[in-house]
Amino acid sequence: MIKAGVVGGTGYSGVELLRLLAQHPQVELAAVTSRPEAGRPVSAAYPSLRGCVEVAFSHPDKAPLAQCDVVFFATPNGVAMGEARRLLDAGARIVDISADFRLKDVAEWERWYKMKHAAPELLAEAVYGLCEVNREKIRDARLVANPGCYPTTVQLGLLPLVEAAAVDLDHLIADAKSGVSGAGRKLEQSLLYAEASENFAAYGVTGHRHWPEIRQGLAQLAGREIGLVFTPHLVPMVRGIHATLYGRIVKELDFQALYEKRYAKEPFVDVMPAGSHPDTRSTRAANVCRIAVHRPAEQGERADTLVVLSVIDNLMKGASGQAVQNMNLMFGLPEATGLEQVAVVP
Amino acid sequence: MIKAGVVGGTGYSGVELLRLLAQHPQVELAAVTSRPEAGRPVSAAYPSLRGCVEVAFSHPDKAPLAQCDVVFFATPNGVAMGEARRLLDAGARIVDISADFRLKDVAEWERWYKMKHAAPELLAEAVYGLCEVNREKIRDARLVANPGCYPTTVQLGLLPLVEAAAVDLDHLIADAKSGVSGAGRKLEQSLLYAEASENFAAYGVTGHRHWPEIRQGLAQLAGREIGLVFTPHLVPMVRGIHATLYGRIVKELDFQALYEKRYAKEPFVDVMPAGSHPDTRSTRAANVCRIAVHRPAEQGERADTLVVLSVIDNLMKGASGQAVQNMNLMFGLPEATGLEQVAVVP
Amino acid sequence: MIKAGVVGGTGYSGVELLRLLAQHPQVELAAVTSRPEAGRPVSAAYPSLRGCVEVAFSHPDKAPLAQCDVVFFATPNGVAMGEARRLLDAGARIVDISADFRLKDVAEWERWYKMKHAAPELLAEAVYGLCEVNREKIRDARLVANPGCYPTTVQLGLLPLVEAAAVDLDHLIADAKSGVSGAGRKLEQSLLYAEASENFAAYGVTGHRHWPEIRQGLAQLAGREIGLVFTPHLVPMVRGIHATLYGRIVKELDFQALYEKRYAKEPFVDVMPAGSHPDTRSTRAANVCRIAVHRPAEQGERADTLVVLSVIDNLMKGASGQAVQNMNLMFGLPEATGLEQVAVVP
Amino acid sequence: MIKAGVVGGTGYSGVELLRLLAQHPQVELAAVTSRPEAGRPVSAAYPSLRGCVEVAFSHPDKAPLAQCDVVFFATPNGVAMGEARRLLDAGARIVDISADFRLKDVAEWERWYKMKHAAPELLAEAVYGLCEVNREKIRDARLVANPGCYPTTVQLGLLPLVEAAAVDLDHLIADAKSGVSGAGRKLEQSLLYAEASENFAAYGVTGHRHWPEIRQGLAQLAGREIGLVFTPHLVPMVRGIHATLYGRIVKELDFQALYEKRYAKEPFVDVMPAGSHPDTRSTRAANVCRIAVHRPAEQGERADTLVVLSVIDNLMKGASGQAVQNMNLMFGLPEATGLEQVAVVP
């Protein structure tokens, strides 16, 4: 049994992680920490876990995290980087669901996250946990930076095109739409029900923290700088991300075949039949990314633009599901262990 | 008083039109027709109209439509084209909220709408009712083709750029998102609450009827063919359209100033301050299109792409509000008569 | 023109009030105050008001409230009671949309609102602004306590029965359901989209501040103490209250006729035909209460229970619409002035 | 392995059942039938099942249902009663998720369901599958009538009170609220997104088919006729039922203890701590009923009314989850096999 600790168990990626770990056959939940909730049963904060998670929140300073085999950080940005060194030194391995170790360039990280990085020396060691790209490195990693929700959706959607250099890499467009849980459990006005419901808007059009993360990932695949416009939008739903991706074709290929071949052995990427329109709910509560490739030829002969649709559940393949997938790789388990949940529809 | 008839008063653009006409100081509602509901009080079908609309539905064959000054068609496609000739001959003027008279090319109309056109001789006469483009022609029109909801949002959003030829007109992208009422009150599985709620997906990526309408409008403005990829999505909300528009800059301009100048005198187009993110709810139940222009420079020096955000209420500026605006123009009333409603927020 | 001031224009009843006042033909908006937003245009906080409300927020200490004819308080509880005396002395009249002057018994108010009342001497003077009960007193009132949203729905639903003493007054049950905007624009976790959406729960079952208000109102009508169980629930929607009211019949009457007669002359209470199920959306953005009376005889001969369904828009008849109705009465205007909006459906 | 057949796999209880059976360790899915979809892969109709359910729909006349160990009917009412005899004779056992075998009185069934019963001789044999009441009978049953969603919520909520005769059994009130999926995947106008969203209303107040089912169940427990007013409401959410139950106390007991004791050994009934407000989402996608008992003493000394809150996921404990629970009992498996899913929150 893997002894697992969860730092920050009260947010949405935290409760989702607890849901998964409670059902994971090889995991023993050793500690769940929360500063404000210390001493309170986890299931009092989340009645959905009554009967499934029996532990109480412990104070982060008193929790036996150093004795864990793996520690998950489901915390706001800026927490994991302060704790990582101590835990690694004690022999624990880390999956950081926050953004602390995702960017390789410290200066860029500090510019986007508006704080000083507390452990820049770990950035080189940290492995970016997009399993479909870095599977082998993840197996041996001590510190995995779990990808962001938008970056997972966009990178998995564009990856075959970028690897094949089949589209204009200077002018990629990612028009992305996310459910509200993607913003976390923050007390912000724009996240109130009476603000977000019956409403749709873009946000952060001039700059969003996931932009440098996506660009770094795609540039690495391309072996060169890439140009990307990334436009996030808030959708009045709780879970789900839909990325609509546009690329100008520069190399004619059988794009459907390209995608099917690239993802043929991937347990958690589903290339749908040509002409499909994947809906976010088909991934709800499941660790899967579904992708469809379109070439809208009916829209006229001038349409040399490829349209790729990529959907995930932001809390699963976009956060906690992917974190468990990373853990499985790190501990030599079959990659799908504890991740066989079928999507919940309707 | 203008004697107005409404054909097809049971759908969503119908009830919205009745809401507006009931409050319009210069309109007398002479007839509302519905084949299945003939004889039933309109307010029995729509309790929201109790005390405001006192008439009963009449059978279309018996309603005094020919004696009306103006007849609105809030019908499924294919109805207005069969009735228009008779009503025009009788001296009535027509605002067709359906799609029957929107395309100039009969063959293209028949290909997209999959039926034979019943009045091709009227297509040349019909005036496309986008007031911001065709205001003068509308004043004298006998037959106005009220624009579709997506086409209104996209054309108003791109119009200044196309007129100025400031972006690559061969590669425009319109990523559009609509609330569910845009599909009308049809009994289709995908429109059920348990299907559309907590879900987000694209649809019609390979071809949507609003694509030729948008292309026709923009090509007319540009004086040349244009290339456009149009990707509609269904948003889990009732009202609202958000178009996210992308164009590659080919001519450097002060884009904010371009938009502000173009729409300075328009009563129903609101160019928001630079950096704004218009939300659909700010237009709810109001006849207005709000637009913001972004140049996402923080996303890197390669980003020579302009991003325009354009929002409307699909039942108002995208259907019945615009229909009343057209009527006002046709009958020499101040354009905003009966359209001063303030958006309903929250 | 009535010079109106609005204290606290940033919450939901505030923005709704501004929507109404902007369209009111006899009102001039003299001041809108907000401490944190002072100096900022109102329409910057609420883009829905762009082009309709041109003033900026002013600081409450500097706003010319004392020179207003009427001042509305759309503030959290506890603000109006501190300002009322000064404004009344200066000659302004007050409509308080908050709860400060709703209860006649100071001790009871202080127990439920958990603060000391700052102006207990005004409680006797304050007129409870339920127009259907206190119309004549409201005309002459200097200080009107605008009823709460639940109390309006429940009292209008039960009023004819209580006046007729037709049901067991010791065992009334009000099972009430409210949209999320009823809780205001507060930053509370339970009001976040990801908490309130796709969810339904009761709250405050052991005690809610609207219970003493309802009980006071009904007891006054009955001329005796009444017994009431009041169970509020949170509905995943923005606007709307639905009260399902149960009373054990003690006097056989034609209940449909009783209601129709009682409300025959009321401009804003709509008794629907027998067998109706009023839906909240039929009141959306309109100042109306719709009521249906049921005696579920098919549910068996033992069913001597009457079921009354009562719905309003909590921000309109439950808050700002009723506030304007009160203002109209206070200033001798036709009661429906500026309140003719038709409900927005869908 | 249990060979299972599913008749009617395209509705909501069907897809939920397939989700559960796909994860059930002791079940082999032998056939899923659908007349209109015959030949099409199940996962083409429900992409959420891609990779999890590999079979295609078969035509009901050709499917090997008679060779199954158990056949589930997830069909509209009226189908199972026509097929049951043949399957039972062939040795299959049946769990009918529809309503065909729920009422013992044929005349009453025919009155409420408005059709002639095709197999009245099986009504006596059919066991009502409320496991918490009929566990032992279910083990040996050939034909189980799976309870309705409202009846499950209401009966589990009232059961301890009725068994103890602690409240006035002539005047029970069940004010129930259901998400939209409870109505099935029917193409009805009231179930459209643009009708059901941002709206709340009661329906069927004068009579609902679940009323006789609840009354029959409670009367059996009480050993006498009972009086019940049942008021269903439609909530703008997909899943979840919340019943707010009212009973006049006639026998003073420690009600919290009564409930805790009654359900102490029940794996799928969770009596929450005193003062709790169970929310429907805490049961989402999980086979559990959560209950809280309130005595609203703060609402005044006259309040001798008990308020019980009972919530389930209508597709799980209210339909397919309970069906699997019944199957587990029928085949001697541990009752929770394949039903350990943790509720999905948020």
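Letters A, B, C and D mark the chains as written, and numbering starts fresh at 1 in each.
FYI, a contact is a pair of C-beta atoms (placed from the backbone, for glycine too) under 8 Å apart; a residue touches a chain by one contact, two chains touch by 3 or more.
Bear in mind the structure is a predicted one, so any value in this text is a computation, not a measurement.
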Third chains touching both chain D and chain C: A, B
Chain whose mean Cα position lies farthest from chain D: B
Rounded Å distance, chain A centre to chain C centre (Cα mean): 45
Averaged-CA centre spacing for the pair chain B and chain A, given as whole angstrom: 38
Chain centre separation (chain B, chain C; CA means) in Å: 36
Shared interface positions of chain B, touching two or more other chains: 12, 179, 181, 194-195, 197-198, 236-239, 278-279, 281, 284, 346
Parts of chain B lying in touch with chain C, wherever the complex brings them together: 12, 15, 19, 22-23, 46-52, 181, 197-198, 238-239, 270, 272, 276, 278-279, 281-286, 288, 290, 315, 340-346
Touching residues (chain side chain C, partner chain D) in the complex: 170-171, 173, 175, 177, 179, 194-195, 197-203, 205-207, 211, 215, 225, 227-231, 233, 235-240, 242, 244, 246, 248, 275, 277-281, 284, 294, 296-300, 302-305, 307, 309, 311, 346
Touching residues on chain C, where the partner in the complex is chain A: 12, 179-181, 185, 187-189, 191-198, 236-238
